[in-house]
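Paired with chain B in one complex and with chain C in the other, chain A is shared by the two complexes that follow.
Our next item is the complex of A and B:
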């Protein structure tokens, strides 16, 4: 998956008020990043990657880059 | 020998807490957005001295209307907010409902899987010849466990009760069960203080999470994302195992009722398990998540509105606090 497309799709899935983020946008700075958004993130990752990520792993994430690293760098391509 | 659900009834406390009420109190979210996401617009909340026992009593009075109550020979009451540490609330209800003395009565502590466990026990008692007509009650008042400043949990949970009569009959209409447990999840939905492992602490420190919800160890704590992870992993297998154990396929099931946790969660599970939308109950709009009462409230609604019909096979599945889960297929 292309990195920018991943971020955009994830942001839409989580229903953030904007979807234009950079790789190093701090997740906790996003308006609407709450437990419902984290649930959506878990669902998105389960649906698209068949990977289970825990709330603890998500809490430890800093930005979109760290999420992509957690899921496996090899799954993403540069745009 | 077999048994069957013959009557159901529900009771919700009078006081209603709407999303608008919460939006005014907290000024943190838009009521319409919450309704769209969680499928909850309002929930019923008990008054200060109104208990799970009171709610169950009212549901029982309704279910026993036009029923010879002397036929009841067992009361099973499921709650995680009992009236007292002791005695069992079921004993108090026996007297209050005017049931005969030679009935068995006991409580059990279980949450979102509680109704399934209750049906399993009712079936076991009936099929072993110990009881013939069981009054299964579930009543929950999680609102009493929740910190007043915990918006997330006040949004999700509502109080409520349901009553079900299960009768002995010649043919089995409560099919085979799947029950399961994973105590490793205990800390993800818990009221840490108040019993004897850790007593109520009047100086408990207030904890504020990232979203601004406040709670203490005297109150209910729920790690929503971890509970969601648990359900993604457990529920598809539970449904599949229950179908296999009953030699049935999803196509042969007329209707499916899951524990009504929140609509986002159960809709995700529905899609994952590939249950057709028209066969799937999702309605917690006016009740919220009433824990062990959601499945019988849903079943009662289905029976009252002909959503399920005589002869239909309905799969019931409960999952949550414990972790604990259960599923069964009933024939209406």
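Our next item is the complex of A and C:
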């Protein structure tokens, strides 16, 4: 998946108020990043990558880059 | 002290958590236990932990309903009459509602609801149900009454058990078959370990705080189930028992 498309789709799925973020946007700084968003991220990752991540793992992430690293860098392409 | 001597009791979900604790409790009170679960090794661990002898294990996936028929058939072939049934097998999925597709409901309902009612249907038949009466106990959840976020399909399944159990209670009362539901709050089992890793930490902390007496232990629930299976509970049917350390007070 293209990195920017991933971030955009994830942001839409989580219903953040905006969808344009850079790779190093701090997750916790996003408007609307709450427990509902965390559960949505878990579901999005499961549905699109068949990978089960936990809320504890998400809590330890800083930005979108670290999320993509967690899922496996090889799954993403530069735009 | 509850006495279940001479009673034959089938328990689903016996390889883990509440089902295992219920099996241990009723065996210690004299019952012969018929253990159902998927994981054969863990089912045998339960078997080895039981007091008394002559218990049976029936490994198999009960979401495949033909297994239920095979299992009850093998009991009938042994000429055994059943006095009790506990449906503790259950699965839980923590998901936002937007990801709760029909297939998620289907999977959860197959095990939590349909398998339980299929067991009850077969066990209530004349050739297997004890003629002096029998007791069915469905392990629902306090969430089946109150709801909970990220748990729509699970809550719906647990609520279905309550309504179905009441209907069974009414229909089978003339056969002296009682049917009741137990609605636990959070009990420390493997299911809950799974739940606690999948939810955000603040949600977990809130859940713990909301149980004034703290989280439950499997044997707390087992004691109530054993009572409902016993003759002491002969006038109780169609009831729903919340056992939740005070979670539902507010």
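Worth a mention:
Definition applied: the second predicted complex is superposed on the first by the 79 of 79 C-alpha atoms of A that agree within 3 Å, B and C clash if a C-alpha of one lies under 4 Å from a C-alpha of the other, contacts with A are read in each partner's own complex, and residues count from 1 in each chain.
Please note the rule applied: contacts are C-beta pairs under 8 Å (C-beta built on N, C-alpha and C of every residue); 3 or more make two chains touch, one makes a residue touch a chain.
Fair warning: this is a prediction, and the values are worked out from it, not measured in the lab.
By the touch criterion defined above, A:55 lies against chain B and chain C together after alignment on the C-alpha atoms of chain A. When the two structures are aligned on the shared chain, A:18 is found in touch with neither chain B nor chain C.
Contacts of A:77 after superposition on the shared chain: neither chain B nor chain C is touched. Legend: residue contacts after superposition of the two complexes on their common chain; A:38 is shown touching both chain B and chain C. By the document's definition of touching, of the two partners only chain B reaches A:28; chain C does not. With the contact threshold set out at the top, residues 35-36, 38-40, 42-43, 46, 54-55, 58 of chain A are in contact with chain B in one structure and with chain C in the other. Across the interface of their complex, chain A is touched by residues 94-96, 98-99, 149-150, 197-203 of chain C.
Contact residues on chain A toward chain B in their complex (touch as defined above): 15, 28, 33-36, 38-40, 42-43, 46, 52-55, 58. Those residues of chain B that touch chain A in the complex are listed here as 37-38, 152, 209-211, 223-226, 228-229, 232-233, 264-265, 268, 272.
Put simply, chain A touches chain C in their complex at residues 13, 35-36, 38-40, 42-43, 46-47, 54-56, 58-59.
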